[in-house]
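Shared between the two complexes below is subunit A, which has subunit B as its partner in the first and subunit C in the second.
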Partner chain A sequence: MSLVTLTRRLLNLSAQGSPLRRSAFVLASDTAGLKRCSLPGQLQACCTRQRNVSTSTQPLRADSKVTINFINRDGEKITAKGSPGESLLDVVINQDLDFDGFGACEGTLACSTCHLIFDEDVYKKLGPVTDEEMDMLDLAYGLTDTSRLGCQICLTRSLDGITARVPDSVTDIRQSEDVSS
Partner chain B sequence: MATHKALWKVPMFKFFFTPKGVRGLATFQHACSPKVCIVGGGPAGFYTAQHLVKTRPDVEVDIYERLPVPFGLVRFGVAPDHPEVKNVMNTFTQTAQHARCSFHGNVRVGKDVTVQELQESYHAVVLSYGAEGNRNMGVPGEDLDGVYSAKDFVGWYNGLPRNRHLRPDLSCETAVVLGQGNVALDVARILLSPVDILKKTDITQPALDAVSKSSVRRVLIVGRRGPLQVACTIKELREMVNLPGTRPEMVVSEFDGIAEKLKALPRPRKRLTELLLKAAVETPGEKELERLKSDKQAWGFRFFRSPVEVLPSADHTRVAGIRLAVNRLVGEGEGARAEATGEVEDMECGLVVSSIGYKSLAIDPVVPFDSRKDVIPNTMGRVQNAAGLYCSGWVKRGPTGVIATTMNDSFDTARTLLHDMDKGILDISTAKPGSQGVAALLHKRGVKPVSFSDWEKIDIEETRRGEARGKPREKLLDVGEMLQVAWA
Partner chain C sequence: MALQNKILLLNYKGYLREVFNRSFASNSRALYKSARNESLRITEIEDGREPERSVDGTRIRSLKEMPGPSAISNLIEFFCRDGFSRIHEIQIEHSKKYGKIFKSRFGPQLVVSIAGRDLVAEVLRAEGVAPQRGNMESWQEYRDLRGRSTGLISAEGEDWLKMRSVLRQLIMRPKDVAQFSDDVNGVIVDLIKRVDTLRSQQPDGQTVLNINDLFFKYAMEGMAAILYEDRLGCLENKIPQKSQDYIAALHLMFSSFKMTMYAGAIPKWLRPIIPRPWKEFCSSWDGLFSFSQVHVDKRLAEIKDQVARGEAVKGGLLTHMLVTQEMNLEEIYANMTEMLLAGVDTTSFTLSWATYLLARNPDVQEQIYEEITTTLGHGTIPTADDVPRLPLIRGLVKETLRLFPVLPGNGRVTQDDLVVAGYFIPKGTQLALCHYSTSMDEENFPGAKDFCPERWIRKDATDRVDNFGSIPFGYGIRSCIGRRLAELEMHLALTQLIQRYRIGVCPFTDEVKAKTHGLLCPAAPINLHFIERRA
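For the complex of A and B:
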C-alpha cells in the first residue's frame, strides 16, 4: 500500500521526467522566482537536473567531481564529492550526510534548514543571492553575513575544495528565554 | 507489517534519514527497550520522534493523534498555496514507517486514555499537542455573525473537520483582519488570490467555491503597534506585494520616521521594513503603475489600532464594522508597547477575522499547566515537577515561529529525553508494555485506532479525488468518512 502511495505521489508531481526523481526538485522547477543554477555555457538548472536515485549510475569521471568539506554541528570535518550542476543540498542527500533536519522543504526555498556558513572568500565565489533566498535566510538560526542556503548553491569546478559549516541549531534566542522564564 | 514497511523503504528513501533500526529486525519490539509515547501527530510530534528513533537504536516510539489523519498544522495550518512547506510530510512519513515508530490516530488523549495510563505503559510521555485554542479579542460584538477567529477560518479552508460548517459569508466588499502575523497574511492572501491559482491547490472544494463567489475586494490588516513591530515574515509580505490583481493601500503617514530608523535595524527586520516601505511609500515605476491601475483589489496594513467593539448591522444580526482605539507607541523596537490615546475610529466592513494568536489548552489534570502563559511549564522540554513527562512544540514554548523553529525545538526536547535516559534521570530499568498496554485499554473502551497504513488509504482516496479536479488532493472533511475509508 505504501509503495502505491509513493509511486502515485511521485508520478503526480513529475510533470516532465523520470518518476523516480525527487518530488521536491520537480516542484522547485515549477516555482517562479527561484534561482537557477547555471553552468558556464550550459544553462543547466541544478534543481531540475535529472538524477537517478540509485547511486550506481555515475556517468561522470571521478576527476570531474567537486570536493566539498563540511564541518558538522559537532565540529567534525566531513569530505564529500559532488558533480558539477548538483546543489550543495544534493550532495548532502546523495552522500547520506547525517545533518539532522537538513533540507526540510526539500530544496524548494520554503525553509532555512539547509543553512550553511562559508568563509568570506568562498562566499564571494558563490554568486549572487536572490531576494527569495535572502528572505528565507532571514529566518535562519545563527545567520551570518556569509550565510547561504545549500539548495541554492550550484557546484562548479571553481568551488573544488571549499569548506561549508553547518551552523549549530541550538542557538535560538527564544529558546534561551524560555529556559530562563 | 513492520517487515513490509522495511522492505521497500530502504532503497527508495535514502535521504535525510537512515533507518538504522530497520537493518536488524531483531531490535523490534523488545520487551525491555525504552518506550516513549508522543501525544500529538503534528510537526512537533514527528520531529521529536524522528530524533529519538534516529539517535537511540533501541527506543520505540508511538505517536498518538486525536484525528484519524496525521501531520497536524502541516495539513490544517499551512496555507494551501504553500505546497513546498508541506514537503516536510515526506520526512514525517519516513519517520512513521520506521520499524521502531508507530502512528495511532483517532485516539483522544485525556478522553479515550489518560496521561497517567500512558505513563503506566511508557517510560516517557512527550506532550506535543500544539495550540488548539485561540485568543479572544474580549470585545463586545465578538459573537456576531461574520466574525471569525483565524484559527477557525484557516481550519475551514484547510479542511479541519470541526470547521467544515463555518461557511463564512463573503458577500461584503471590505474584510478586516486583526493581527499582522503570518496567519493574518495567509487569510488575506486566500481572500484575495486569483481563483485560477487557488484551484490548483489542496484548498477544500467548499472553500474554493465560496472564494470564487466572494465579493471581498479589499482586506485591511490591523495591528496595535507600528510598522517596525509587524509579526509577519518577509516571504509572506512579499507574496502580498506580488499578489496579482491586488495593489497595496497603506496610510503613508503611519510610516513617518521609519526610513530614518532603518540603518540601526538587524538584517531581517531591516529587509522586512524596506519591503514594507517600498510597498507603502515609494512611487512605483511606470510599468508597475500601469499594473496597479488595472488592479481591482487592494490590501493594506493599518497600524496603531486595537479593537474596541465589533459594530452590528442595523438589524443587529451581523457585523457591519469595527470600532478601533487609536494607539501611540511607548518605547522603541520589538519591545515597544501600544498605549491608547483615547481617540477611536470606526471602520466599515462585513467580515472580521481575528488573528491575534493561538493558545494551548490543558489536556489532563495530571499535567502541570501555566494558564497565564498558556504553556506547559518546562525546563528544556522537561515538564516541571513531573518525572517522565516532556513537551515539545507550541505547547512547550508558545504558538510562534516557523516550522524550522518547531523542528529545532523538538530535537532539543528529544536530546533532553535521551540525556535523561543515559544518565539514569529517567528510569528505564523496568519493562513497560508500550502500545500493547494502551491497545488493550482502547479496545475495552471501544476505541479503534487508525494506523499509518490506514491513513495511507485515506491519502490515496484524497489524492484520487484531487486528481479528478486537477488538485494535488481533495481532503476528506468528515471524521466518519475518514474512518470509513481507513477501515475499508
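For the complex of A and C:
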C-alpha cells in the first residue's frame, strides 16, 4: 500500500466518529454540571455519521449486511459487506480495500476520485444524482454514462449483490518512486 | 492569494539542474513503472543513463527547451507596464504565442504556466495528499512573529491536512451547508433593505452606485453569520465601529496587495531600508486577527456561561468547533481569520459581475426571471432546497465565474517530478494554472466571449457540460473550502434580487473591464439600476 493511501486511511479512521457524539464526550469529561450538548442539524448529516450514532445504541445484526462486489483496476473481484445507510465509500474505507487514491476528499464532494462504474440496470436503481455530484462527475477520469461517485450512494437492501467497477487509474504523470508501489 | 506569493528566493537554476540529474539517475525504473499513459511513458533504459525518449519515440524535453517570454521582456511587462493588473490578459497573449505550456521568469522565480484544459486536468489529478499552492513564507513569518497559528490558506503539509480534515467535514457537504439557508436569508433581508435605502438616496430613485461596495458588505455579513454565528451590522445605515475597523484592515490588506507581495519578496535585511511593505502587511494582519479573536472569545465566554449555568449548549459552526476542540483555540482564530478574508472579496466581485452581466443582457435576465417565477412564484423566499429547480441560477453563477474567474490563475508547487506535455518538470517547480485563458478558449467554450448561462444546462443526468476548462473553485482536496457556502450566498441573493428587481444599466456606467489585483476585480465602479418589479 502506498504512503498516500496509508495516510489517507489513518485520517479517515480518526475522522469517523460523529461530531455530535464527540462533542458530548468532550464536554462531559471536561466540564462538570453539563448534561448534554446539542448541536444544530447542520452539523449532523450524511450516511457515515447517522450510522455511527445508530450503531452505538442498536448494534446491527450480521444478516442485515449488504453485499457489494467491487472489480478493482486489475479486473479482480473483491466482495465486501456494508450496513444499510453506509455509503460505498464507507465500505471501501471500512473494509480497507486498496484502491489507490480512492475517496481523496473523504466524501465531501470536492473531487471525483471515488468514481465507480455500474451496469445499466444497477445504475437505474441507485437513485437520483444531485447537481453537485454531476458537476464532480464531469471532472472524473474515464467517465461513462453509468458512472457515479461512491460517496453519494447509500446502501439499501435492494442493492444487495451489486457490482461496482473501479475505473482504470488516472493517467499518472508523476515520476517519483512512491507512486509506483 | 496564491499569486501574491510567487516570489521564491532560491538559486533556482542550480537547484533545477541538481533535481533533474538526480531524479533521472536514480528513478529510471520507477519512471517506467509509474508512467502509464502511452504518450507520457518513458522507454526502459539502462541504469544511470538519462532517458531521452518516451515509448512512442517522442523525446522528453527539458525545461530549458520550453518556450516562454524572456526574463527581460517579463520584467518590462510587469514592472514598467503594470502587467500585474493585466495578468489575466497576459495569460491569453502568452498562451497564443507560446502554446498551452510555457515558462516565465519573475526575477529568481521560474513559473511554468499550464494554459491547456487537459494539461490542467493531468496536473490536478496527479496531486498527492497535501498539495501546496505557492510560497506562503511571508504569511508564515507573520504568524511566527506574533505567535499565531497558520490557517487553511497559509498552512502546508501535515498542519494543513489536519485542519482541512476537520473543516471539510463541517462546511463542504452540500447537505450540511443547506442548513445555513435561514442564516443567509436573514442577511438577504438586510441586503434588500439596503438596496431600497440606497436607491431612495438617488435623484432617480433607482440607482445603486458602486454595487461592489454593497456586495462586499453582504458577503462579509453572510460570512460572519455563518462563521461567527453573529451579525456585524455591515448593512445598517450606521456600521458599528468594530466592523468599520475590520473593513479598514481588509481594505488595507487588499489595497496594499502589491506591497504585501513585495513584503514577501524583499529580503529581510532590506527591511530597515524599505520598512513600509512589511509594516503594513503586519498591521493589516493584526487588524484581521484581532477582529476574529474578539468574536471567537465572545462566543467562548457565552458557552462557558451556559455550561456554568448547566444549560444545554446550542449553536452553529463556531460553537461546534469550540466545543469539540478538534482544533485548538489559536487554530480556530487563524482559520476564522483566513476563512473570513477568503470569503468576502471573492463573493462580492462575483455578485458584482453577475448583476453587471444581467443588466447588460436583459434577455437573459428575463429568461432567468421567468424560470424563478414559474418555479417559485413572486413572493416565495428560496432556500437551498429550491436551487436544484433553478438550473439557470446555477448556470448564471457558473457563467459569471467562467467570464470573470475571481482567481484568474491558481498556483501549485509540484510535489513529484512530472512529465507534462512532453516536458520534464522537476519536483518543487511553481506552476501557474491559467484558469482565465482556459475559460476563454473557444475550443472549450464556443462563443467564449458571450454571456450564456444556458450553456451549463444539462438535458439529462448523463449530459456532460463541464470539464477542466472552467474550475473557478479549483478541484480536489485543496480546492476552495468555502465553495458551497459561497454558492449558497450567491444563489439565494441572486434569486431574490432578480425576483424583486429588474436590474438595468445605469447611464454612468459604460463597459467595465476587469483588472487583476490579486483577484480579478472590476476596474471601475459598477453602477446599476434596480427597478422594482410588480407582481
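Operating definition for what follows: the second predicted complex is superposed on the first by the 112 of 181 C-alpha atoms of A that agree within 3 Å, B and C clash if a C-alpha of one lies under 4 Å from a C-alpha of the other, contacts with A are read in each partner's own complex, and residues count from 1 in each chain.
What we mean here is this: contacts are C-beta pairs under 8 Å (C-beta built on N, C-alpha and C of every residue); 3 or more make two chains touch, one makes a residue touch a chain.
These numbers were taken from a predicted model, which means no experiment stands behind them.
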Of the partners subunit B and subunit C, which touch A:Asp74 in the superposed model: first, second, both, neither? neither
Just to be sure I read the superposition right, which of the two partners does A:Cys111 touch: subunit B = first, subunit C = second, or both, or neither? both
Classify the contacts of A:Phe102 with the two partner chains as first (subunit B alone), second (subunit C alone), both, or neither. first
Once the shared chain is lined up, is A:Val129 touching subunit B (first), subunit C (second), both, or neither of them? second
Name the contact category of A:Asp121: first (subunit B only), second (subunit C only), both, or neither. neither
Just subunit B (first), just subunit C (second), both, or neither: which does A:Asp138 touch? both
Residues on subunit A lying within both footprints (that of subunit B and that of subunit C): 4, 8, 22-23, 27, 31, 104-106, 108-111, 113, 131-132, 134-135, 138-139, 141, 143, 169-170, 172, 174-175, 179
Given the complex with subunit B, which residues does subunit A contribute to the contact? 1-6, 8-9, 12, 22-24, 27-28, 31, 53-55, 93-94, 96, 98, 100-106, 108-113, 131-132, 134-136, 138-141, 143, 169-170, 172, 174-175, 178-179, 181
Contact set on subunit A toward subunit C in their complex: 4, 7-8, 11, 14-15, 19, 22-23, 26-27, 31, 33-43, 45-46, 104-111, 113, 128-132, 134-135, 137-139, 141, 143, 145, 169-177, 179-180
Can you list the subunit C residues touching subunit A in their complex? 23, 27, 29-31, 33-37, 40, 121-123, 125-126, 128-129, 161, 165-166, 168-170, 172-180, 307-308, 310, 312-317, 319-320, 323-326, 387-388, 391, 394, 416-420, 424, 427, 458, 461-462, 464-468, 471, 475-477, 479, 483-484
For subunit B, which residues are in contact with subunit A within the complex? 4-5, 8-9, 11-12, 14-16, 18, 47, 50-51, 54, 82-85, 87-88, 90-91, 97, 233-235, 238, 267-268, 271-272, 373, 378-380, 396-397, 400-405, 407-409, 411-412, 453, 456-457, 459-460, 463, 467, 472
